[in-house]
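Okay, handing you the structure first.
In order of appearance the chains are A, B, C, D, E and F, and numbering begins at 1 in each one.
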């Protein structure tokens, strides 16, 4: 099984979720994160004090899929999360050894 | 070493933390996440506007353990996080190459 | 490629970001997390009700780097995140199979 | 408010007979006499102050009380508290003009008024209400509005006890029942014409008994009957936003001047005394709670500071018109001491999940204040009591008033909860409670995630 | 406020001629006559109430309206709403003393005043303004301050329509234009000396037409011209903090007593009636909205409860001085019914992204209230209408007033938006809107992450 | 407030001698004379307005100032600010009735009052206090309550300077010392009978010197002595909730009408002028700050808008009773200009970590206002100054008043901080500061995570 971690723009969540559902993914876990990268941040000014904010709000989606679903899923995310401007984000894929469904104790493919 | 990621119901945190401590785990990192899966969400209505909320609040616990502790830990989480209803969550296990304790520079097993 | 996950103290963020930039890292993803470990928490009292808070605010930084950059990066985090007191946090390293830049579709090293 | 002379005419009429006779004799110089005896005066300064006081009591309720409570619950239940406070208040205000005013302030018997002013029948722009100074009057609309907010906030106070778990419809039905069968008779007995407790000589200037003890015991009974919140003791139930709680406490303080000094019904030195006492008692109560926590636990909390303010306000409520400034300081400080115990020691004894400490603060603070009113009203302690004022005697009367209120309100509450339970059920389901009332009962959530 | 007699002297002078002649004849007993006829009286109770009322209208605006709106937008735009409300209010208050007061309340023609009091020329501490009781006066400074806040809040109301997307400079310029060419003439026509609509007999006690319909239509036109928010319908745009919205609604309620009962200009039974009506209509509207949602959707929402309060307040505004308490309850409830439709059914028909439902609540609520004022003012329905009051006739007049306001304000708004668009552009860029106005227009963010 | 005639009897007695002699002669017709000469009148309109004003000053403090400050600190320190503001206010109010009132307003010497009214000795419901109109009186309780809130808010203002790092006990002890040795003498010198600065002719209608300059310099000295916050310049210290800050600023605006127009002590045209001036100066200051930021930095911030409001309010405080409306606009705008510099340019020069800009806004705004009072009071500039009013002369007097206040308050503050430091230490530990005062000093956290 593979864990697909996607860093995306917050307003793309609904599009990506839809694309993933169509691709056959059964579950997603989302976290609010802040990203630092090429996309430039901004400066905030509070009376006399200036703060440079490099970290921009992003969402991290984590999806665990069977290996067979990997390609379709990657494709789905790329399509739906893309705007073409700097800051669209990344997808990282890594390997998951085991998956367990807490409710039933089912394992791996059955657990997803 | 293994990284055990558990998606659980928020109100189960205390139970799971206790079970993990008994199991001998020395540290836990928790994030607030939102999960999408079989468990159905709800509809919110703000005056004329209706929003379907598919994402439910969950907690993600990350625990890195020595391989020897893996089984006990998985068992502990399963027992303590279970309610038997849809939405209890998942456990994903993956492999960690290295662990470092920042304070001391200790490595791997010593770092946990 | 390697995924470096660092649990650090919140007020160290700026130092670590700077050190990482110098080390040549091109992007960072940060999440707010709560950590449980050796560092002791505190007790909160709300009128008659007492709560023991074991979980302390931490930040989790995730950085994906080419293998060649791994050592420098680990070094950079260790130096910049260290205060020497209990609770400085951990670094966990694991392996990433693939990285994709959503905007361009670039892969792996090119995607970082 | 002191027992209101509004319809106090029955025995009064007899007392007027000699005057009336004299009046007949003096018909030769009618104008001079009329001016001296009775020409009712409405002073615009009084109207200005009473309108202001009325809106201050609204301010106490929404946003004051709503925020004080709302900040103390978990984020998933904050909207349920806000809507309960606002809707219960609204409901009672409407019932007030339907039948409440007539039953509370109409001259009926010693326990309840009459139906003479149902739907404000017969009240016009020209109708006048009495103040405590004979010949000084208020437009009756002012008095009706002022009193309606007292009834409204009392009902709203109760929801803190069964917060985070009661069905919305059940809250509304219970409130209507309790208002009708507990609030109205007790208000009549204390403030109404010929009221039983007023007749006994119970001192309750602004409503320590009618409002606070009354609501406190209704809350306590509710906490028992509705049962504890799911997860109590296992899961953290810390306040979700203490800044909101502090705003609420501060607005309670600000608005309470309308409640207490407004109960004087005139903008004169009596109002000024009630005002200053309310300021001082609260300040002393804040310091006392902060000090107790600092000494006992090593740390003084903001929630303690805010709770102290409310405790002091509750404590001074019955006393504010009759004690002196130094007495007010003492009452404020002692109310804090008692309420610290109310929300910790006593709470553990009672073992009821009175979620927001309605009994611990309003019940205990109200009882403390009612008793101490019987002490510090004594002229020897700086109060305005008459020369023959006896502390021991008055303490007995105050205790009787407290006891009757506890019993009456407790019984009515019990029956009302049981009735609502039988009809519709009091509690939401287990899963709904877990998910939070905001989403499950009201279909919305307070904060963007 | 009813048409103000402030400068109503032209025909009045003629009417006074006989008196003046009589006065000449009576010069032998001048003191007695002078006292009876005209000695202007300033009552400190009136001053106290009007100063309080004025600050209550400020309270409605900031923090009231600002929070009501601010809580409804997304977290990335909350500061933009707050600064818009506060700056628009400030701008209009300053323009008010520059030329607004003179143009609105100076005696000019039936449509607009004059330039006689530009920069408050000639107004001093001794200047007096009329009330509705002849011989009872207010210091003119009080009247100027009170009226300035009416103008200020009206401008601030509009920003809810084009929230989350309009350029800050464009908001300010539009507000100045709209204030000058829409607010001032309509205020003059309804309240000014010799005003056209007042002459027709339009009843608008506290500003249903001048304030709410006027602002509502300006907002609606804006929503059309500025266009819908980016992502509307695809992305969630749920309120970021409904607790703030509730605080705002509650402060609107509290402050509205200054708006409505203050419009009586005196602290007397008239103010008391307006006060009680405002309390009751709001309570009824809260219950109505909560009930409608409960019946239709199975769940009553806190936002509905808060929206109901505002709907009731808007609805009772034109009526509060002339209907009776039971009429007020009816108007409140009906305003809720109409506004529920305004923010759902009608909104779908209009297809404008009126972001915070300015038209749906203030426009529709204002129209409902203006019409119902023509109904419940009838004495047979508990109102204070004269014996010859005809509901049908008055309804016609009210409808005419509504129509003229819609047309006038709509046209001025259209032209003003187009002008601003031509000069500077109305909207921020697409990316800036995505990122949020707080950071892109104001360089700050509301909350620590 | 202008120098108060309350106990101004010493020379007054001499002036009364002729009257007294005449009185002897007229004993044959005593009633008529007594009525004409002195019969003290308490007007209920005044009482209504002064009670309202008093609660408005409380509203300024809690929740107003508490939120204004609370929103500006980091989330981990918000409760520490709230409890400090509320507890310091409470402490000072209690000390006020213990000895403060007597020392500030008792007739002692030119610098301090006496101990005649310790614990309000001798004050009863019948005691009267003077207003600025002879024969018009207030119940003394009203005056005591009103003045207590002035003292309370002044102490609370200071905590903004050393926010986020000072020990709670040290804050309380310092406040008590500073209140006793700085606030009381300066209040006496400016407002008390025979006060030194009043005698010089310093104009300070509502407390620019006594409250704002006084608190500003105490804060500045504190910022130096307590030292900068850990991490300043390295870690972000952005405001945690600017919506709270905006609510606070708005409530300061609303409440300030009590502060300024209340200082007139009567509900008459004088109060109306102070009221209108307060409205206008604030509006102008908001626009000025927004404009300056817009021009200089390309973006106008909500925090700037809120800061502008406070700057304008501070600036108009000493001037509000004596300048005209156009003067008020000018003072408001200029106060903004100076305070923009105070929180940026000057702040960099001073290099003190005055965390919430107490000196930058209250100190600088207060100085600006005090000086401009000496300008715009001139009749030629629309003010109410007498014909012989000389701007140059008055500017000299105002500068002297400012200088003396800076020196006195600065010295007392220095000694008080050093004493507290020696006794208990001023600061919390390094780690405690990092973790936040809410948890480490108060054992609670503001928000559910």
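Assume contacts are C-beta pairs under 8 Å (C-beta built on N, C-alpha and C of every residue); 3 or more make two chains touch, one makes a residue touch a chain.
Keep in mind the model is a prediction, meaning the values are calculated, not measured.
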Subunit F and subunit E - chains in contact with each: A, D
Path length in the contact graph (subunit C to subunit D, fewest steps): 1
Distance from subunit E to subunit D - Cα centre to Cα centre, in angstrom: 33
Approximate Å spacing (C-alpha centroids) for the pair subunit B, subunit C: 17
CA centroid of subunit A to CA centroid of subunit F, Å: 54
Multi-chain contact residues (two or more partners), subunit C: 31-32, 34, 44-46, 94-95
Subunit D, residues touching no fewer than two other chains: 43-46, 48-49, 52, 236, 238-239, 241, 247, 297, 299, 301, 303, 443-445, 449
Arrangement of touching chains [line / ring / star / complete / other]: other
Those chain pairs that satisfy the touch definition: A-B, A-C, A-E, A-F, B-C, B-D, B-E, C-D, C-F, D-E, D-F, E-F
Touching residues on subunit C, where the partner in the complex is subunit F: 11, 14-15, 34, 42-46, 57
Parts of subunit C lying in touch with subunit D, wherever the complex brings them together: 44-49, 51
Subunit D-facing residues of subunit E, complex: 43-46, 48-49, 52, 56, 74-75, 238-243, 246-247, 249-251, 253-254, 257, 261, 266-273, 275-276, 279-280, 282-284, 286-287, 290, 294, 297, 299-303, 305-306, 309, 325-326, 329, 384
Subunit A-touching residues of subunit C, taken from the complex the two chains share: 3, 17, 26-32, 64, 94-103, 105, 111-112
Subunit C contact footprint on subunit F (complex, rising order): 231, 234-236, 434-435, 439-440, 443-445, 449
